[in-house]
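These are the structures in question, set out in turn.
There are two complexes below, and they share chain A, which is joined by chain B in the first and by chain C in the second.
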Partner chain A sequence: MADALTRSMRASHVLVAILVVASLIFAAIGVVNGDTFYLRLGTEALIFAGLALSVDVLLGYTGLLSLGQALYFGLGAYISALVLMVTPSFWAAMGATFVATIAIGAIGGFIANRVRGVYFALITFGMAQVAAKVVYNARTLGASDGLIGVPIIKVDFGFAAISTASPAGFFLFTLAFIVILYALAAYLLDTPFGRLLIALKANERRVPFLGYDTVTPRLLAYVIAAVIAALSGALYPMLRGFVSPELLFFSTSGNAVITVVTGGVGTLVGALYGGILLTLMKSVIGSYTEHHLIVIGLLFMGAVIFLPRGLMGIVRPAIARILERRTKS
Partner chain B sequence: MSTAIEYFQFVLAPQMLIGLVLGVAVILVALGLTIIFGLLDVINMSHGEFYALGAFIALALGSIGLPFWLLLILVPLVMLPVGYIVERGLIQRVFHSGERHVTTLLLTFGLGLVMEDAFRLVFGPNPHKPETPIVGAIDVFGVFLPLYRLFLIVGGAVVVALVALVVYRTRLGAMVRAAAFDRHMAASLGVPVQHVYAGAFAFGVALAGLAGVLLAPVYSAFPTMGRDFILMAFTVVIVGGMGSIAGVVVAGLLLTQVQAISSLYISPVWSDPIVFGIMVIMLMVRPQGLFGRLGHG
Partner chain C sequence: MTYKTTILAALLAATALTGAQAADPIKIGVVTPLSGTYAGIGQQVRWGLELATKEVNASGGIAGRQVELIFEDEEANPAVAVQKADKLFQVNKVDFLTGTVNSGSTLAVGQVAERAGKLIATTVSFADSITTDKCSPNVFRVNARAGQQSSALAVWLSKEKPQANVFYLGPDYEMGRSTVAAFKSAAEKVGAKSTGEVFAPLDSKDYTQYFGQLRSARPQVLYTSVAGNDTVRLLTQMQEFGLLGNLTVVGASGTVTAQNLPAIGKAAEGFVTGVGYSAQIDTPENKKFVQAFQAATKSDPDLYGADSYGLIYAYKAAVEKAGDTETDKVRKAFEGLKWLTPQGEKTLRAGDHQAIQTMYVVRVTGGKFMTVGQVSGDDAIGPDACPRF
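Here is the complex of A and B:
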């Protein structure tokens, strides 16, 4: 018999499957209409959903609010852009991002994990600000202009290749990429290691009494979140052909937090739906008024007050109940 | 020896004076922030926007002809009910959840977004510079110092002294400190904790508004003006110790001097990373800050 967490994660998987089907339909419609704009927008929404996913790994599981996850997102984007400008290989860019993020994430995690609660939020915020200012002023990284002219590449799988210039192709590739990140995160968090993180969130002082180390799991969770953010960020220059320091700014981190909170903290799938919802709202409201932040801000405040579990907090239990009824009958 | 004096007079002192003006500005913004954190345990992410609100209210009232000196009193008075309502109507709704830090931080973050965009809607994105209330300048150490900035330094010191007097020397301040230390005990001794909380939030917001009135003639009023200061103000609050008034003053002066003097030797673009670096190191080695929390010894 599966426990409550496994059951609710199964509901999350069902929601991801629904999202994938909806995305495939969206891509098909896009191809038929010969659309570029909406497919590109959808790809960007998925990339930022990956960033939100990393915030949820920290906030939803270890209970630590990171206000500086843009640091790793921007790190991934810059490393990927730099590598691609030297050698146009997807795997080289991803490999370099992965290795560098583990190293930098371990250092960042060592610094940030010395403190708890609100201080953790502020220290991650501070670290991201330092990184943003350094990148903003670094001539070799293009300073405030960022890096322009990242080449179009082909993602080579050996048997097939997808060009990043193809709107539908790269959209589907990004979809697969983000779903794999989701699956990896969901798998890791369902292992005993994941249960330990939830225990840390519930009561960190008691965990050592059960014979578990608390330092290593926290650091690992931080590095995993950093890697998820960086790998999502590494897709950004492939989509847009440039990177800019704005990717490291607080607004990027803040948007990811808004995404997770409205989508549903601790559900993982909430980050994906939230990311798509936020991008959708921005483009729909943005077509009526340039003051879309008022609407988004008000909705966000409403979500914090009235929907502390987020949208998926309402939807997911319903799906979980349906799944349960099925297994019983 | 004489070269050292000349170096001080012509290079170091002017830079330190510029740093001092900025320091007073940062202290004024950080003062309300630290009081709200020290008492309510709430990170007010919208504090910068309340600072901007003060500047914009002053701008609006100034445009109908009210004198600057009246605004100095009027704007904080207008801000008091605003802060009171925000605390009772918004913050109290999530204040009692298990993860108070996170929920209140998120709520005020959302509020800040809304306020900033509302300013843009009402006043437009461009900066407005109110008339400087005191014109003229004097010579200090051979440095050209506008009189208004001198007034800012003196006025800032007076505000800090008054706030410290209220918090540490009045019955009201004692109630505030008691509620910060142990709200249940304070409540059982007859302190109206609910009103003290809302009142302290209103007080912090009013201080931000006052900072807005005072600083708008120097730094102009524009929708994102809160952002420029809030980072520095947060740093000052963390380094000084959340909720500590003395901490805000010491850390505010120290950090702005570090910023001012370091920009003499290295490119000024690196002064921000240095200041944030100090904040990160401070959070690592002494998260409670230079001085402890309000009401905690």
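Here is the complex of A and C:
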């Protein structure tokens, strides 16, 4: 018999499957109507959902509130842009991002994990601000103007290739990419290592008494989150053809935290739904009124007050119950 | 039965109406900051565009078609601007786009336009790169770039104070350093001697630590590109130390503005800068514009309002010359276009899509910006440095 956590994660998987089906229908409608804008907006929403996923790995599992995930998102975006401008290869960009993020994430994790709680939030915030200022002033990185002219590339799989300029093609590719990131995160968190992270969140002082090290798992969780954020960020210049220092600003990190809280902390799938919802809402409300930030703010407050466990807090237990009944009968 | 006939009649009337309307309106997308730090600039852009559109529509539109503006908030963030521009091009099917304020947004949106095969123009961004090394065949700029402002100031300086000793004080970040470097090379070209430069961190509270260096350099002119509250502290501290006596202070156009001028007070007296527009310009066109602007908005137009106002007339002239809103035809019509604006006649240079215009030198006198000189467009423009077309 599976325990409560595995059961609720199964419900998360069902919700991801629903999301994938909905996205496929959306893509089909988009192709039929010859749409470009909504497919690209959907792609952007998925990319930011990947960033939110990384925040949930830290906040929902390890219990670490990072206010600076934009650091790794922006890092991935800049590395990917720089590599693509030299050699237009998807795998080279992703490989470079992966390696660099592990190195920089380990250093960042070493610094940030020396402290706990609110100090952790502040130090992650500080590191991201420092990085943003450096990029903002580095002329080789385009300074405040950012980098434009990232070429349109083909993602080559050997047997087939997808152009990043094809709205539907790149949307489906990004969907697959983010779902794989979700699956990897969900798998890792279901292993004993993942249980250890949850134990850290519940009571870090007791973990050593059970014979476990606390420093390494925390650092590993931090690096994994950094890699998820960076790989999502690396897709951004492929979609939009440019990067700018605003991607590293606090508004990016802050939006990711809002996304996770609205979607449901510790559910992983909540980050995906929240990310898509927030991006679409910002776009739609922003077209009607310049006071869109007030509207988003009120909705966020409403979500925190009335849905303390996020959107997934209502949906997921219901699905978990249905799954349970099925397995019993 | 009667109900059905009414609907039928209404439908018929509607089709008759659409048939009578000879042409659909020309749609112009405006991606500009309507919220956040730059909302004030976005407001001027909006007022300028709306005023010109109202006038154009009242006098028969562009080539007989009415003009419709569609606004989107870009939050001064290129990532948002790109998404909104994509929407205006793909969903609203706009014919033309403008409004971007920060240079990063203009460059990024320019690339979106290039990929969508549409044209954009900025009326605000002043980074030189937009019409030099990062120029695009689909991007036009109708306002003066930073280089025009600093060369106008340098030309004025060489006439007023030939062979002057100049000291430079800039804010220590990329933009501050590049504005100082730009003015330094422009001033040295017309005979000024540089006696030293110093960079102070942004948001410095105490500038007195640099005064020793400034004094020993014995300059006649101080150039500074600090902005906002930094200018308030720099100039008031200089006044307290009695340094403003024999020194002419010149600076970037954003150093002393209507916003921080009241706080600087007397210390701002005599400050000189080069600008592309001043509400004081004494021409009938400008007086008419200022009056109409005040009547419509209850405020004075600034640089951004005037440049945005002028853009609608440039687009009108180009579309009427091209006879169509098709990208290639309008681009050709824009290149070399001469048209009238509140600042006088402007020319869009074909080689880099930069507007050439008369530049004005203004000095703070009695707490107000007064025009003290003007520099002809050709003297201020500098060479065409666009490598792409």
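Throughout what follows, the second predicted complex is superposed on the first by the 329 of 329 C-alpha atoms of A that agree within 3 Å, B and C clash if a C-alpha of one lies under 4 Å from a C-alpha of the other, contacts with A are read in each partner's own complex, and residues count from 1 in each chain.
Here is the rule we go by: a contact is a pair of C-beta atoms (placed from the backbone, for glycine too) under 8 Å apart; a residue touches a chain by one contact, two chains touch by 3 or more.
Because the structure is predicted, anything quoted here is derived from the model rather than measured.
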Next item on the list: Look at where chain B and chain C land on chain A after superposing the complexes, then choose clash or fit.
Entry: clash
Next item on the list: For A:A106, decide between first (touching chain B), second (touching chain C), both and neither.
Entry: neither
Check: Between chain B (first) and chain C (second), which does A:L323 come into contact with in this model arrangement: first, second, both, or neither?
Finding: neither
Notebook entry, point to check: Who does A:L247 touch here: chain B (first), chain C (second), both, or neither?
Noted result: second
Notebook entry, point to check: Looking at the overlay, does A:I123 come into contact with chain B only (first), chain C only (second), both, or neither?
Noted result: first
Notebook entry, point to check: Touching A:R40 in the superposition: chain B (first), chain C (second), both, neither?
Noted result: second
Note to self: I'd like to know which partner A:A176 touches here: chain B for first, chain C for second, both or neither.
What the structure shows: neither
Margin query: Which partner chains sit in contact with A:A92 here, chain B, chain C, both or neither? Use first/second/both/neither.
Written below: neither
Next item on the list: Please indicate which partner A:L298 is in contact with in the superposed arrangement: first for chain B, second for chain C, both, or neither.
Entry: first
Note to self: Looking at A:L307, would you say it contacts chain B, chain C, both, or neither? Reply first, second, both or neither.
What the structure shows: neither
Checklist line | Part of chain C, among the options 43-51, 187-195 or 205-213, whose backbone runs into chain B after overlay | finding: 205-213
Item checked: Contact residues of chain A, present in both the chain B and the chain C interface -> 136-137, 291-293
Next item on the list: Provide the residue numbers of chain A that touch chain B in the complex, in ascending order.
Entry: 59, 63, 65, 111, 114-115, 117-119, 121-123, 125-127, 129-130, 133-134, 136-137, 254, 257-258, 261, 291-294, 296-298, 300-301, 304-305, 308
Next item on the list: Would you tell me which residues of chain A are touching chain C in their complex?
Entry: 35-38, 40-41, 44, 136-139, 143-146, 148-149, 165, 240-242, 244-247, 251, 283, 286-287, 290-293
Notebook entry, point to check: Mind pulling up the chain C residues that touch chain A in the complex?
Noted result: 34-35, 39, 72-73, 77-80, 82-84, 86-87, 89-91, 102-104, 107-108, 110-112, 115, 127, 129, 134, 173-175
Margin query: Which residues of chain B touch chain A once you look at their complex with the stated criterion?
Written below: 43, 90, 93-94, 97, 99, 101-103, 105-107, 109-114, 116-118, 120-121, 231, 234-235, 238, 267, 269-270, 272-273, 276-277, 279-280, 283-284, 287
